[in-house]
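Should a chain be cited, it is by its letter among A, B and C, assigned in written order, with residues numbered from 1 in that chain.
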């Protein structure tokens, strides 16, 4: 007979694991990736593959040669970072090498330097993206225009995103809510289609990996705040529906702000976090230098997450 | 349907021994009766080597306040009085008895008739509970005569009988309800009388519809017994959670159920109370489940307390399967892993649960990803991840400030942790350290 | 213009003067007078904050030294005599010479590694495992093998032997601070005098069970037969609770007990190897032969 195992109770486990969570997040990102490939063609696929491969490779190299710890690349967290990083850059040929630098910053600086998965204060993909945005402003804001479905051409026409165009003066002609909802607009690789992102978010909610708190408060705050501004002056400020459908709000609210590691744990804290993200996004979009503010907003809120965790305790059973 | 509000998990129920009727386990040739089968100080042996004892005879007397009498579960000769290793390998004072025949004390009523009338006064009931060595059979083995002796200035308003059996695998309470519903109801009535409360509530999880129907049918014949179906959620049967589910009241931190006017007893205790009060039978038998996914058969037994784990295994399934990984006394969430199968069973043992090696092994621990699942699963609204970090870094004072002592050790945090961190273990360690720190300060 | 400048200067000047006065009084009120000697003493301490002296840290030790102006009852084990001499010089008091000590592990489980009795799968903490059960080797008194002592050591002087699952002390690194002994929930580790040339003799078992039970638990267990106590010419050995203990202040390391012990529970270390070859095989190398039924008590 075997030796008996001895441990304290409990003796069963829910079978939930970090690995399962991460791979489910990856699965939830697939619809948005498919839409990106449909609109931006082979470029989108290549940028994504390069981003994911370099993230995984950097993580493996750092764990093997610098930290000298067992490799954790199988847990899928580097793949999530890679995909999210790819989703946050334009699907252009230039990006195929720039994104490698982004991956190094995301994995090396934002994640492994703090001790690896679970210890990073900031979302690695956002740090990577912001690093690229500041270092390569031209390449990072050269957006491929959406052509027909499945373009196989590497040299697609470029143009501004709806947000960029609005910052310059007015929305481009003929961009409808439906276009924005389906993703038939310019923008970063994975952020264009609201419907694909919502599909992924619904899957995550069903699997209980995220809850509604952060996405709903994030998008809701952005909607209400921009709505107030729009009612005050429809000429200067974008209308609220377009605001939440364009740019990175959907992607940010559903996948980046809900990152378990960098968001608050208590429900009340998550509401504050989502509210802060939405508010900062609209402030940056309307009065900041950049046309898009989602990643800065999330990064800023990431930095106050430990404080929120300290204030927002779960309600105790009995005091 | 009533339930507690906060946290909780739903482990696989695995009530595979549900349909196995209660059998009687034969008496082994030698019996070892431990002297501390209850919470508190061990009983003092009152027999010596060579003494003849009968079934139900007092062999260990409660001399300390927090203590319970121990009676002989068999008849025969006392072989020796010396320590015996319990299920965890630790030596405990014990009485060894060589079994000869099966001669019971004359006072014990062994007829199958059911006696409904109880003429004893509340004080007499409590005294008899003490005499018969009744303890809570829900796991904590708290001496019943202390629980039912409501202290001055406090008043019991609710009697709650825990028949939730929210632990996976366990079915002994279910079988008792199915086979001894009337006796249980009489036992509950007696306890109700002892406390002087108008109503007794029997909380049963709704995954036992047959038992609910049976108990509701039986309760109609009794005054003031209300059967309360509860939502299937672990830890529905935890004392504080059960009070919250049934009455809506919350036991404050560091207080006892009696402080909010509640007394909670296990269903098995109610049955034992019936036998003790009406039949003069001391607590000498356990009803326990022998179960496990890989076992050839599932059983529920009446076992004389003191029968060893090996005897039970031998009689029920012959021998443990070759792939056995763990033997647990109790349920999978709060039961204890047994290391010494030669050890005798004690009061309050509710199962011999055999887990397969794949089921029994914990997965390797990975990094905490701050998902907060432990916090949302915690039925006490605590922060297990925080305790883990504080205890690991020796910040015991802070752990206390974050109310680590409120933890009921239900195991929901470890159960739900995707990183497989041994959170419950760490919290237990932390609680021990906090208590040591507080004792040192005094 | 001049007036504005004057107003600004005046306002700032008044505010500055006001707060200077406030600051002065606050500083006076909350002034902490500290003996400069404390800093000097703290300077010569090793600074590991191991807690071996029983104080909260090196600074607290320095404060205690200065407060009582002597080294009586105070000893920094890691620093040893050298540090004691320095502190004595600062304080201008006499040095208290102490015998150098070392941590010893008083357990040698027979049921370890492949022979272990069970498989501990819970939190890797001795303090916790001790609340769960006996430990993998089945002994309720012996080493639990989860390494609380290793974690407690500030000097990297104690390590787990992967084969036996018990800790091994590195004599050269051990400073006898006692952190491991405090961390051990079963008090398996004890500080003992290092002995002349590091030669010392001790009982490597603290099992208090009766002889027969102890033998069943672990075949390396001391059965408390008392033969060692009888043979000891210096009355250094006492047998209490079925276990022998050698008083290191009385032991002269004659090793008569080592030869006498029927279960080889007494260990001698750092003695030249050939001296004892003819009589008894070294217990660490050969498994103890099955002893004749030794009468317990």
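Note that in this section contacts are C-beta pairs under 8 Å (C-beta built on N, C-alpha and C of every residue); 3 or more make two chains touch, one makes a residue touch a chain.
Keep in mind that what you see is a predicted model, and the values were worked out from it rather than measured.
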Which of B-C and A-C has more C-beta pairs touching across its chains: B-C
Chain at the geometric heart of the assembly (C-alpha centres): B
Chain A and chain B, separation of their C-alpha mean positions in angstrom: 49
Chain B and chain C: spacing of chain centres that average the CA atoms, whole Å: 41
Mean-CA-position distance for chain C and chain A (Å): 52
Chain A, residues touching no fewer than two other chains: 2, 4-8
Of all residues in chain B, the ones touching two or more other chains: 336-337, 339, 360-362, 422, 425, 428
Sites on chain C at which at least two other chains make contact: 117-118, 121-123, 128, 132-133
In the complex with chain B, residue positions of chain C that touch it: 117-118, 121-123, 125, 127-128, 131-134, 138, 140, 209, 213
Chain B residues within the chain A interface of the complex: 6, 9, 11-12, 168, 240, 244, 250-253, 255, 320, 322-328, 330, 332-339, 355, 357, 359-363, 366-373, 375-376, 378-383, 385, 403, 406, 409, 411, 414-420, 422, 424-425, 428
Of all residues in chain B, those that touch chain C in their complex: 85, 88-91, 336-337, 339, 360-362, 422, 425-426, 428-429, 432-433
Footprint of chain B on chain A - complex, ascending: 1-2, 4-14, 16-18, 20-21, 72, 75, 116-119, 260-261, 265-266, 313-319
For the chain A and chain C complex, residues of the former touching the latter: 2-8
